[in-house]
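In what follows, subunit A forms one complex with subunit B and a second complex with subunit C.
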Partner chain A sequence: MRWACILLPQLALDHALRQRDDPQAPLALLSGPANRRVLQTINGAARDLGLRPGMALTAAQLLSRDFATADYDLAAVERCQQFLAAWAYRFSSQVSLHYPRALLLEVHSSLALLGPWPRLEARLRAELDSLGYRHRIVLAPNPAAARALANAHDGLAVAEHELPRAIERLPVNRAGLPGEMATALTRMGLRQLRQVLQLPRAGLARRFPPVLLEQLDLLLGHRPLGLDFYLPPDEFATRIELNFEVESHQALLFPLRRALGDLAAYLAGRDSGVQRFSLALEHRSGAPTELKVGLLAAERDAGMLFELTRARLEQLQLPAPVLALVLTARDLPTFVPECRELFDPRPQQNQSWDQLRERLRARLGDEALHGLNAHADPRPEQAWRPHPGMAPPLSDRPRPGWLLAEPQPLREPLAHILTGPERIESGWWDGGDLRRDYYRVETRNGQRAWVFRGAGTDEPFQLHGWFA
Partner chain B sequence: MNASVIALDRLLDERRVWKGQPLGPAVGTQPSEHAALDAALPSGGWPEAALSEILLPMPGRGELQLLWPTLARLSRAGERLVLVAPPFLPYAPAWQAAGLDLQSLEVIRANEEDALWAAEQCLRSGSCGAVLCWPRQASDRALRRLQVAAETGQTLGFAYRPASAAHNPSPAALRLLLEGPARVRVLKCRGGLAPARAIAL
Partner chain C sequence: MSGYAELHCLSNFSFQRGASSAQELFERAQRLGYRALAITDECSLAGIVRAKQAAKGSDVALIVGCELRIEAGPKLVLLVENLSGYQRLCQLITLARRRADKGRYRLLREDLQTPLEGLLAIWLPDQQHEDGHWLQTLFPQRLWLGVELHRGPDDAGRLAELLVLAEQTGIPAVACGDVHMHARGRRALQDCMTAIRHHLTVAEAGQYLFANGERHLRRLDELRELYPPELLEESLRIAERCRFDLDDLKYEYPHEVVPKGETPTTWLRHLVEQGAHKRWPKGVTQKAREQLEKELQLIAELKYESYFLTVHDIVAYARRQHILCQGRGSAANSAVCFVLGITELDPLQEGRRLLFERFLSRERNEPPDIDVDFEHERREEVIQYVFRRYGRDRAALTAVVNTYHGAGAIRDVAKALGLPAQQQGDLADCCGRWTDRLPSPERLREAGFDPESPALRRVLALTDALIGFPRHLSQHPGGFVISERPLTELVPVENAAMAERTVIQWDKDDLDEVGLLKVDVLALGMLTALRRCFDLIDAIAASAGPWRRYPRKTRPPTR
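Our next item is the complex of A and B:
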C-alpha cells in the first residue's frame, strides 16, 4: 500500500481567492466577534503591505486600506474539502478526509493505470494548480506517516525500507503529536523523533499519555490506522456567494465558469455526464431566478457547458441584482464519449453535430431545430411531422417541395392547368375535415404551383405550395 | 518569339484552346447530377468547400429540383443536410419522393439575423454535408463570412438569393441564375470562364 497525502495549507484562503478575478490582489480573511475583528489569514500580497495574521482589523486598516476582506468561512472550507475529495476520487477509490485540510489517497492500486508515481504526482499538481489550490504532496507507505511527513516536506516519496529513517529525522513538533506533548518533549531536549524512539518504551508509556506511543506506532506502520473513506454524493450542488450585488450578465460569467469547472471535475470523477442542471440566481429578496439548462445528450466538457449556459444566461432578464448563484445537477446519466473515426473524411472537423446542435439550441431556443418526417395522412397540412424518422410515402402523386404554412389566394396570373383536379377529402375523424380539389398549374411567369378550391365549386384558387 | 509566357494550364482552363480530341467530362467530387450543368462547370460539379449562390426571381421555378439530386446523394451517404430558415415549409412527402433520406434533414427556424449566424456556424463546424440558406438582405460582408466558413468547414454551402442581386458582385465561388423551370445561366464560376449560353437541365 502506498499512500499519498495532499496537504492543503491554506484552504480557506484559496477558496476565497478562487472567487476573485485577481488572485494577486491583497486579501485578508477575518474572524472573531463583530466588535473585534482579527485577521485570520492573509495572502502574500497582503503580507507585503505589512499585515500579519492575528492583527486586529482596526490596526491593519491603519497600515493600509488597499486590501480586500472576506469572512473566514468554516462551512465553505468543509464544502471545499468535500469537493476536493470528489476530485481525488478520480485517482483512487480509497480517499479519506481523516485529517482536516488534507486528502489521503491510496495510490498503489492506481499506479498501474495512471502511474508511475512521478507522472501521477505531476498530474495531481497540475490539476490542483488549475483549480487554484496550494498544496504539498508526499507519498509514504502508511497514511499517518504520509500526513506527518507532509508537515515537513513537499514532493517526498518514501519507500517501505526508507520509512524508519525518514520518520526518525522528523522534528518532534511536526510529528502530528498533541501540542502540549510536543512542547513537553522539546523541553526535555528531544527535538527529533529519533531521540524519542531511542528511549525505552516502558518509560514513555509511564510518563506520557498512550497517544504518544500510538502515534509512533502509526508512523512506523506497526499499528494500522482506521480510516473512513469518502463516498461521492449522488448529486452535485455548489453555491458561490458574490462579494457585491451583480446587475450585469458579464460579471456573472466568472463565477459561473468556476462553478461549471467544478461540475466538470466532479462528473469526470463519477464518469458520468450531465443532461439537465439548474442555475439559481439569488436576490436580496424574493424568489431566486432559475435558469434551467437541458441538453439533448449527456455532456461533461467544462468549456462547452460554459458556452451553452452563457448563451442562455444572456437571454435572461435579471429582475434584481444577484447576490449568489447556486448550481444544482441531479440528473447525471452515464457519459458516452462520442466516437470519431480515425480516417475522417473531413480533417478539419472541429465540432461535432451534437455540440453544434446544442450551440444552436442555446441561442435560437429549444424549439428552433427540428427534423422532418412524412406522415401517412392524405391532408397536406397533416402529411409531415417535425420529428426525424422514416415513414412510408402515401401516394406517388406529384407533391410540391414547398408548402405554404397558410393557404393564400393565388395572385399570379394563371397560364394553364397542368394536371387536376385531384380530390382530397378526408379528416372526418379528428374534426379537421376538408374537401378540396387540387390542381397543378403554371403561372404566366413560369412558376409551377399547387392550388386548390373547394370540391366542385368555382371559387378562386388558393395557393398551397410551389413545385420548386 | 512571344515574350510573355502563358501557362498551358490556364489556357486549357479558360477553354479557349480546342484540344483536338474531346475528353470525357471532368468528374467532380460533388457532381450536381445534371449532366449538362456538370459539363459546363470547371470543377465538374459544385465547387467543393465553397459557397454557391442560386439566384431566382420568384419561388416555384425549379430551385429545389436543381439541388435535390445532390442532396439525395449526400443524404444516402449519411451526410447531414441543414436548411436554415427556409421561406416555406419543406413538404416532407415531396422531399422523400425526390430520394432524400429525411432522417438526415434538419430544419432551423430563425429570424434573418440569427439565420446568417446559424448558417455560418453550421458551415464552419464541418459536421454537415450541405447547408442551405435563404439570406434576403445579405451584405457582401455576410456572404464573405459564409464563404470563409464553408472553406473552413469544408462544407457545401448554398445560398438562395433574389435575382435582383445578380448585378452586385459576390464572393461566392459559383453563381447560378435560374432563368426558367429547367434553364440555368452560370454567372460566375471560379476556375474558368462562365459559359455564355444558358444551360438546359
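Our next item is the complex of A and C:
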C-alpha cells in the first residue's frame, strides 16, 4: 500500500482565480458578517500591495483600491473538492476526501499501469498546474503519514522502512494533532515527534487525551485509518459566476472553455462520454436561457466539445446580460474511443466523419442533417424519406445521387442518351398521377443527368437529377 | 410477315392478378389485329371456357396455356399444341394444385420429369440464367426464351443480355407481353388488385406495384418499336403450331351404368319397361306408351341416355339404403323420369298437364337438368357412394365461381385505397346486399359522402370495373361430373376447402359449353323431417291397429 496525499493549501483562492481572466491580478477572498468584512485569503499580488489575511476590508481599501474581491464561498470549495476528487479518480480507484483540502490516493495498484511513482507524480503535477491549483504531493505507506508529511514537505516519497525516521523528524505542530495539544507539547519542550515517541506511552496516556496516542499510532502505521472513499456521482454539474454582466458571446467563451475542460476531466475519470448536456445562462431576473446540445455519438474530447458548443452558442440570442454559467450533464454513456490505425493514412488536417457531422449539425442546426430512407413508391419524388439514421436507400433501379427538389428544363446540350426510356406511370391514388419517360443522358460536358419528358411525347427534356 | 400473337396473357381468372376479362381481351386483340391470343392464367384453366366463348366471336385464335412458377426454380409459360398436350397440362396442374391448400399450388422440378409431348414451353428468366439447359432436356425443340420488355430502366441492355443468352444456349427468343390487362387504363384496377392480394393499401404496396402500365395488349407499331422483328415473327410461328381447340375434347359417360352386352339405349328401354310395369301395375295406357316412346326417341336423338342411366343408378342406390329422395323441377314433366323412379309425380295422371318440352327439347339446345333432393343428413352417404363407385379420379364436384358483388367490391376497393374501416362499412351498406349495381348519388349523400369528391369518384370507378370479376373458386354444393376416362384428361382438379373434397376448375356454365354433363346431388332438410315422420308413424302403426288403415292417396310410395 502506498498512499499519495495531494494537499491543496490554497483551494478557495485557486478556485476563485480559475474563474477570472487574469490570475495575476490582486484578489482577496472575503468572509465574515456583512458589516465587518474581513480578508480571508489573498494572493501574492495582493500581498505585494500590503494586504494581509485577517485585515478588515475597510482597512485594506485604505491601503489600495486596486484589488478584486470575491466571497469566500464554502459551497464552492466543496464543489471544487468534488471536482478534484473526480479528476483524481482517473489515477486511482481509491480516492478519499477524509482530510479537508487534501486528496488521498492509494496508488500502489495504479503504479503498474501509470508508471513508476516519479512519472505519475510528474503527471499529477502537470495536470494540477494546468487546472490551476497549487499543490504539495507526498507519498507514504499510510494515509495519515502522507497527510502529516505533506504539511512539512513537498515531493517526498517515503518507503516503509524510512517511515519511522520521517515521522520522527516531523515538528509537533505539523503532525496533525489538535491545536492545544500541539501547543502544550511545545511548551513542554517537545518540538519534534521523536521526542514524543521516546516518552513512555503509559505516561502520555495519563496526561493527554487518547487522541494523541491514536494519532501517533496512525502515523506510524500501527493502526489502520478507516477512510470513506469517493464515489463519482452520476451527473456532472458546474457553475461559473462571471465578474460582471456579459452581453457578448465572445466574453462567454473563456468560462465556457473552463467548464467544458472540467467536464472532459470528469468524463475521463469516469471513462464515459457525454451525449447530451445543457448550458444554462443565468440572468439577473427571469428564467435562465437554456442551450441544449445533443450529439449523435458520445464524445469527451474537450476541444471538440468546445467547438460544438461555441458554434451553437453563437447562434443563440441573449435576451439579457448573463451573470453565471451552469453546465449540467446527466446522460453519460460509456465512451468507445475511435479506432485508430497504426499508420493513419489520413493527412493531419482531416477530420473523421463523426466530427464533421457534429460540426455541421452545430453550424446548421440539428434538423439540417439527416440520412435517407427508402420508401416503396414508383414515383421518384416519393421514393425516399428523411431518416435520422444513416440507412442508405436500396434500389435495384439506377437512381441519381442528387435528385433536384423541383424538375427544371434541361439547359445543357445533350451528347447522347445512355439508357431509356424508363416509363413510370403511377401515383393515381393520391391525385399525384404522373406519366413520364425517364432517360439517363450524357451532356456535352460529360455530366450524367436523369431527365424525363411526358410519356410518349416529344416535349423538351426536364432535368430531375444528376448521377455521380 | 407482319402481325403478332400474344403468348403470355392473364385473364381475371388469375385471381387478383389479371385485371381484364377474356371478353375484353379478345375484343382488344381483334381491334389491334393480333393473330392469336393465349390465355395463360396462373396454374389454372378455370377461365379457358369463357376465353373460348370470347374467341368465338372474333377472328383471334385462342391458344390454351398456363403460367407456372416452379418452386425454387424458373417461371414458365406452357402452351398446348394438341390434345395429348392438353391432357398432360391438366394432369400437371392437378398435381401441383392437389399438393397445396385451396387457392395455392406447388410445382416441383421432379413433376416435370414426366413426358411432356404436346406442350410448348416459354422460359421467362429473371436474374439467374442457369435453368436453360435443364429446360432444354425437358422440352427438346419445344422451348423458347421469352423476352418481355416493359420500358424498364434499361430495356436495351436487357434485350441484349437475353439475346446473348439465347445465342449461348441455343434457345430461340420470342417476344411476350406479360399481359395483365387489356388496356393501359386498367392499371389503377390492377394496382388495387395487387394491393388487395398483399393485404396492404395501394400507398403502402409500392414495392409490389408495377411501375408503369405497359403490361397490356399493345399496338403493333409500339411492339415493333420495342422488339426486333424476328422476335415478333417467332410468336407467329409458335401460334401456328398450337392447333388445339376445346371442341376436341371427348367426353364419355362412365360405362358402368350399362351392363355388358347392352348399349345405353337398350338398357334404358329395358329399365323403362320395368319401371312402367311397376308404376302402372294395372297396365300401361296407350297415352303413357306414346309419351314414353316420344321421350325415348328424343333422348336417343340427343344422345342423353347415359345421363338418365347415371341418375337412375344414384337414385336406385339411395332407395336401397332407404334414403328418402326425389327429383324436382322440370324433370317432373318427364314420364321416363317417373317410371325410372327419379320423380314421384305421374305426369300423365288425369287432370295434369305437364309439358315434357319444358324439360328437354331439340329447340332448347340445352342438356337436361335433373335435380334430385336427398335427405340432408344422409346425403353424404350418397356422395361417398358416387366417389366409391366411380373412383376419386373419375368423379369430382363442379366449382362455383364467386364473383365480386357490389358490397364486397366496394369494400375491397375502399380498403385498398386506405379509407378507414368505418367508411368501408358505410359504403358497403350503401350498396346493399346481393346487388351488382353501384349505389346512387342520393344514397351516398344520405350516408354522408360527397359523390363529387375525387376520392369517392375513384372508389366508384374502380368498383364499377371490379363488379362481376371472379373472386375465387368454391365448391358447388352437389354438382358432380362423372366421366369414363380420368377427369384429369379433361379438366384440372384442385382441392376444395372441405377435407377429402376435390373440385374441377370449371363451373356449370362452362360444363354446358364444353358438353360435359353434371348430376346434381342436393340436400333438402324437409326430406329428413319427412323421413322422421314416417318412421314415427310406422312405429306407432306397428303397435296400434287402427293406424294401419292409413289412406293410400296421401301417403307417397317411398318403399
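Everything below uses one rule, namely that the second predicted complex is superposed on the first by the 372 of 468 C-alpha atoms of A that agree within 3 Å, B and C clash if a C-alpha of one lies under 4 Å from a C-alpha of the other, contacts with A are read in each partner's own complex, and residues count from 1 in each chain.
Operating definition for what follows: a residue touches a chain if its C-beta (ideal position, glycine included) is under 8 Å from a C-beta of that chain, and two chains touch if they have at least 3 such contacts.
In this text the structure is predicted, and so the values were computed from the model without any measurement.
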Practice item. Using the superposition on chain A described above, determine whether A:467 touches subunit B (first), subunit C (second), both, or neither. Key: first
Practice item. Could you say whether A:446 touches subunit B, subunit C, both of them, or neither, answering first, second, both or neither? Key: first
Review point. For A:426, is the partner it touches subunit B (first), subunit C (second), both, or none of the two (neither)?
Key: second
Exercise for review: Report for A:204: first if it touches subunit B alone, second if subunit C alone, otherwise both or neither.
Suggested key: neither
Exercise for review: Mind working out whether A:375 is in touch with subunit B, subunit C, both or neither, as first, second, both or neither?
Suggested key: both
Practice item. See if subunit A has more residues touched by subunit B or by subunit C, and give me that chain. Key: B
Check your understanding: Does subunit B (first) or subunit C (second) touch A:385, or do both, or does neither?
Key -> first
Check your understanding: Does the superposition put A:437 against subunit B (first), subunit C (second), both, or neither?
Key -> second
Check your understanding: Can you pull the subunit A residues that subunit B and subunit C both touch?
Key -> 375, 383, 398
Check your understanding: Once bound in the complex, which stretches of subunit A touch subunit C?
Key -> 375-378, 382-383, 397-398, 419, 421-426, 428-431, 437
Study note, to complete from the structure: Per the touch rule above, subunit C residues touching subunit A in the complex are 150-157, 184, 187-188, 191, 202-214, 417-418, 454, 458
Review point. Considering the complex alone, what residue numbers of subunit B touch subunit A?
Key: 57-65, 68, 80, 86-98, 101-103, 105-110, 114, 117-118, 121-122, 124-128, 152-154, 180-181
Revision key, fill the gap. Subunit A contacts subunit B in the complex at 346, 348-353, 355-357, 359-360, 363-364, 367-375, 380, 383-386, 388-390, 393-396, 398-405, 443, 445-449, 465-468
